[in-house]
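The chains carry the letters A, B, C and D, assigned in the order they are written, with residues numbered from 1 in each.
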Amino acid sequence: MDPTTFKDYLFLIPLLPFAGAAINGILGRRLGLRAVHLIALGSVLGSFVLSVAGFLALVSIKSPEARRVVSVLYQWILIAGQTGSFHINVAFLLDPLSSVMCLVVTGVGFFIHVYSVGYMHGDPGRARYFAYLNLFTFSMLVLVLADNLLLMFVGWEGVGLCSYLLIGFWFSELDNARAGMKAFIANRVGDFGFFVGLMLLFWTLYVSSGQAVGSLSYGELKGAAPLLLDAEPILGLSVPTIICLALFMGATGKSAQIPLYVWLPDAMAGPTPVSALIHAATMVTAGVFMIVRLNFLYLLSPVALSVVATVGALTALYAASIAITQNDIKKVLAYSTISQLGYMFLGVGVSAFAAGIFHLVTHAFFKALLFLGAGSLIHAAHTNDIRKMGGLRAHMPATFFTFMVAFLAIAGIPPFAGFFSKDEILFSTFNAHLAAPGLGKLLWLVGLMGAGLTAFYMTRLVIVTFFGEFRGGESAEEKLHESPRTMTGPLVILAVLSAVGGFIGLPAVTHLPNLIGGFLEPVVALKGGAASHGSHSAALELGLMAVSVAAAAAGIYLGWYLYHKRPELPGALRERFKNLHAVVYNKYYVDEAYDRLFVRPVIAISRGTGRFDLGVIDWVVNALARATERISAGIGWEDLKVVDGLVNAIADAVKYWGYHTRRLTTGKVNHYLYSVVLGLFVLYLLVLIT
Amino acid sequence: MKNFAFNVFVIITLIPSFWVALSSNIVHAAFSLFFTFFGVAGLYVLLGADFLGVLQVLVYISGILVLIIFGVMMTQRAQMEHISTRLPGRFAGAVLSVLVFGGFMVAVYKTAWPKLTELPEPVPTTSEIGNLLLGKYLIPFEVASVLLLAVLVGAALIVRQSVRKE
Amino acid sequence: MQSHILSWIIFFPLIGAAIICFLPKRLESWMKPIALASTVPQLYWAYKLYVNFERANPSFQFVEHTSWILRFNIDYYLGVDGVSMPMVLLTALLSFICILASWNIDKYIRGYFSLFLLLDTAMMGVFCALDFFLFYIFWELMLLPMYFLIGVWGGPKKEYAAIKFFLFTLVGSVFMLIAMLAFYFGSVEPATGLHSFDFTILANQAAHIGILKDPVVRWGCYLLLLIGFAIKIPLVPFHTWLPDAHVEAPTAISVILAGVLLKMGTYGLIRISYPVLPDMARAFAPVVAAFGLVSIIYGAFCAMAQKDLKKLIAYSSISHMGFVVLGMSVFSNTIGINGAILQMFNHGIITAMLFLLVGVIYDRAHTRDIDGFGGLAHNMPVFAGYTGLAFMAGLGLPGLSSFISEALCLIGAFQTYKVMTVLATTSIIITAGYFLWTMQRIFLGPMNERWEDLPEISLREAACLTPLAIIVVVLGFYPMPILDMIGATLRNTVHLVVAMR
Amino acid sequence: MLAYSLENFLLVSGVLFCLGIFTVLTRRNTVAIIMGIELILNAAGLNFVAFSRFVQTQNHISGHVFTLFIIVISAAEIVIALAIVLSLYSTKKTIHVEDFDELKW
């Protein structure tokens, strides 16, 4: 499939899931269950096949620079100004970056769809579920394939909507709905930043380029990016920095980084495959994708990059620390996702864009696997609480093995995917030169500690759930059963990917081709990143690799030691550091703080304006009304006395004379004749006189 | 000789008219009306209005007077007991008519009528009246005819309605 | 030959109204179909207008110009351009849907439908009139039926709401009258040397003489017009009539009130204030933008505090109209004003949907208290679907029509009012907040047994809602049909305002 | 010289006229009132003819035409008056004028 012919099939990739969603959504109930599954899975499979075709088409293009396929569907918005014009097209761009993302989204997405068939067995709202899932895939694909920032924003909010719908899928429990709303609002806060960044970017370029750049499409933006530099700084920061920070605010909202991560743990209220797809593999990575996509912007402001890196590292460490104390399996995985995302942002922050994407891909594999594994565990044990599980190794061998593969991957044990990608990031961080001197080294240290913690809590999770004896009570024990093939199938495939995934991005020291790095090269062509690889000696790289493996091993040993060898120890430790444990267990009370700092004041303000509106303005209006009433009453009284008096007097006079004249009309004809003659005579006199 | 005729006719018109005004018996009044009309006809002739004099006699006396007498006769039955036909408010009526007469005479004698110094001989006026009627005053002539027709229909209708009502 | 399509489209409902008035009592069951039938041709003509409206030509089209009152040089002058075209389409569509929606009105059917058709005529007239006098007549004509429709068929506090609505708008139109007279006596028609009410003549500054030349008068006129229109938009300090009028008005009337009448204010500004007093428009722009911003934020916060669903939607209308005002008060680019007109159209469609939905639920549960509901999605899934779409459109979800118009307004306004626009953008969070919170309190959560037996949305109601839903989605993906219709005229308007020294 | 002149005739018609009024005002019998009206009309007719005789204008004959019309009108009037009186009489059995008082509001 050569690129030119593929051009006109490109739009099918997002369109197929959309069609699937539309059909299931509208006709869902009437179609049989099998049809619903067929449509849902079929559409995603179709997209996957096309993505692969697209990937091959790209690879077939010889020169890396030319590897991009753009297909413009139609003109979305056109507003012709006096000189320039604001024109946005609905256009899809397939270049190495979006092709990789497409593969991840549709690939992992397809496995999760298959898994959902089994998982959602017996749930009445399945048509609606699959419709939402397809709609999500559509939005994600639009986000990834969009050729301009505004269309990406459509996808950006579209995934936000789908996560809202899917988190609150079982809406009969109020807190699921509340979790959904929380997710959407948090995303919306991020989108506020994103939109402000978008506007500032548009206007600075539009004005400075003499109304030439009016379409926000990446090609044009990349070309006109340097113009940003000479725009005069606002509030002391250079324009690119502000734009990048604003966009990064959007990213933190979407990818659950430090300030706006609170919605992700609550998002676990949704069905587990949803968490796997949205809150592990695809949606949360949108922020990373956006920064990599706009790397030419970020490179213009080192300050922004350092901020991204620092936030990433801090989030990694912070989330990992919380994950240690969580007892709900999905919560643990949620915090682990946040921490892994932190690593991606760290990688991107140190301009190792390729490494960030590489970690994104590997993370998609093993995190999806972990979530799906957790899903089958929950499916079997009918509880999320790991304290009620234990010893499931015997009952669910398939889930156990796949879970172990993912565990090794995420912990960063060499042959598995996690090791290569995380190590790549740590290596790049170590010798990155950011805004502040030595910041790279410090962040590397934080990252290393995070890696250790990750290994620790993952070990804790694995041991508590799979080893030891079952603590879930007799009745639950009988029901323990391995999940059906439709669920274990995807687990196995993802396990293979997690194992093999690492080899697509081998570090330079092994002199093997860094496939993914090379592939992404043209998109992220940049001065830092890959170049810095060469200058440092292989020894340093190997050394760092050894250190990170050591950290992982330490974490595993500590976890094994505490939870397997001396199971009573964690209890004792918990007693000793009671309050510390309480603080960490309750997520540093961040949720409560946010509630008090943001949510309650907003409601208070709104109630205040509501009362103000009713009270003051309405009061003013009503006061006006009452005042006029009183004035009119006053006038009325005065009017009653004087004017009325006069009027009544006139009325009485009229009545009096009326009465008398009435008596004149006796009805006797002759009296009338009298008046006739009298009238005649009076007239005659008048004539006589004048 | 003319003065004598004039005085005779004046007396013939005025005296019976007093009778009409004052007599208590309605039938006497009706008949005295005959003399008044006759007197007026005479005055017309004296004034050279020969056609009018004849007309007066023809229409008034033989037409209208007869009708009045019919009217009197038909409504007479019930009045046999001779209630006074005069209204209590007579005095006011008298005062008023005298007042009007006074005002009238003031007008007559004060204004300087553009009288002719000498009176032309009276000429027969019938042909001229005829010309005028069909010339200048054609429209009033036609309207008068329509009026008369309307009156005929009206009178018949009123009488028939009252008859049917009983 | 002058095409009389505009006169037809304006006065045809009046014929319907007349027929309904004189129908004998026993044919009462015929009244509703006749009312409906009298709006169908309007739809057809609107479609014909849409089809042969020349997109590239910024000036007035389908013009009808005959002298009316010679004595004062007042003409019966109708015409449609880019700005009024969407409004005409909106009015035609909403009138049809509202009559369909008011099928279960059973009190004084004759009065209701004839007044409604009279209102329809008035609205159409306002959008097509190009002579200030004619414009003012239609403007006042609108008040009367509205007053009765709210005052007679309204909810519990209907008299208070009707009076308040009437007085507020009347005060507004009094100000407008003063300005109108100032324009009349301050302008002279080049050809005939007479004073004139004609917008096209008033628009060219050469025609201004005497008082209209002196800046203080111009400033005063603009202020008067601004207040008059601000009451109608409504901008915040003058808005308190809207929630009451909406809460008390019957469903179909609040649809028309929010769908079309609110647009009169902004339409007036663009039709009258901008072309005639462009220098003042530029001078007042920041103040108006500030009012717009206050409306957006204030409206959003108030909406969040409401207990009554209809009041919530009323306040959300105020907030959305704030976007229109913000977008409109930017003259350094045409993006803002294009966004404003698009927002007027979209907001018309979305609020119509929202009020129809409230009507659906009010007809069944006879209460609008948001907290009284809960878990309605269980037994009314289709209704929940429609409301979900409407709420998502309301909070400006990309892919639906209102996102594009709000985005354009914000992007347009950002060029000159950076700080204000950033503040305005925060409203997307608050709006998302109160819409989703309402969604949650009504539809999600455990099933409220009180509403166990609420019947699903009926076919008729669905028939009202579906066209609107389709428009919202289609305009979300492809807004060009509206955008290219308004493009040329607005570019001309902005040029006009900027060009004047 | 002629014994009689315009003033004499006017005097006569004045007397007739006032007598007519007197009759109309004071007679109880409706038919008498009608007679009074006839007197008034005749007085008017007499006036016209007197003027046409003594005041010389080129178409003095028109005075006669007026009198002719007066006669026609009075004929018409008398017919109607009597018809009314008779119908009143047939319904109310009286022709005393003060009994016809339904005109009162």
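Convention: a residue touches a chain if its C-beta (ideal position, glycine included) is under 8 Å from a C-beta of that chain, and two chains touch if they have at least 3 such contacts.
Owing to the predicted nature of the structure, the values given are computational and were not obtained by experimental measurement.
> Across the interfaces A-C and A-D, which one involves more C-beta pairs in contact?
Taking the two pairs in turn, the one with more contacts turns out to be A-C.
> Please flag the chain sitting at the greatest distance from chain A, going by CA centroids.
Comparing chain centres, B lies farthest from chain A.
> Of all the chains shown, whose C-alpha centre falls nearest the centre of every protein C-alpha atom combined?
C
> Using mean CA coordinates as chain centres, what's the chain B-chain C distance in Å?
Centres of chain B and chain C (C-alpha means) sit 82 Å apart.
> I'd like to verify one number: the distance from the centre of chain A to the centre of chain C, where each centre is the average of its C-alpha atoms, in whole angstrom.
Once rounded, the distance between the two centres reads 34 Å.
> Measure off the straight-line distance from the CA centroid of chain C to the CA centroid of chain D, and report it in whole Å.
78
> Using Cα averages as centroids, what's the distance between chain A and chain D in whole Å?
Whole-Å distance between the two chain centres: 111.
> Which parts of chain A, given as residue numbers and ranges, touch two or more other chains?
Within chain A, residues 670, 674, 677 contact more than one other chain.
> Of all the residues in chain D, which ones touch at least 2 other chains?
In chain D, the residues touching two or more other chains are 21, 25, 30, 97-98.
> For chain B, write out the residues touching at least two other chains, lowest number first.
Only 87, 89, 92-93, 96-97, 100 qualify.
> Among all the chains shown, which pairs meet the touch rule set out at the top?
The set of touching chain pairs is A-B, A-C, A-D, B-D.
> Using the touch definition up top, name the residues of chain B that touch chain A in the complex.
Those residues of chain B that touch chain A are 87, 89, 92-93, 96-97, 99-100, 103, 106-107.
> Using the touch definition up top, name the residues of chain B that touch chain D in the complex.
Those residues of chain B that touch chain D are 2-3, 6, 10, 13-14, 17-18, 20-21, 26, 29-30, 33, 36-37, 40, 43-44, 46-49, 51-52, 55-56, 59-60, 63-64, 67-68, 70-72, 74-75, 78-79, 83-87, 89-90, 92-94, 96-98, 100-101, 104-105, 108-109, 113-116, 119-120, 122, 125, 128-129, 132-133, 136-137, 140, 144, 147-148, 151-152, 154-156, 158-159, 161-163, 165-166.
> Where on chain A is chain D touching in the complex?
662, 665-670, 672-674, 677
> Contact residues on chain D for chain B in the complex?
Touch residues, chain D against chain B: 2-12, 14-23, 25-32, 34-36, 38-39, 42, 45-46, 49-56, 59, 61-62, 64-65, 67-69, 71-76, 78-80, 82-91, 93-95, 97-98.
> Please output the residues of chain C touching chain A within their complex, sorted ascending.
For chain C paired with chain A, touching residues are 164, 237, 239-240, 298, 300-306, 333-335, 338, 375, 377-378, 392, 397-399, 403-404, 407-408, 410-411, 414-415, 418, 421-422, 425-426, 428-430, 432-434, 436-437, 439-440, 443-447, 477-480, 483-484, 487, 491, 494-495.
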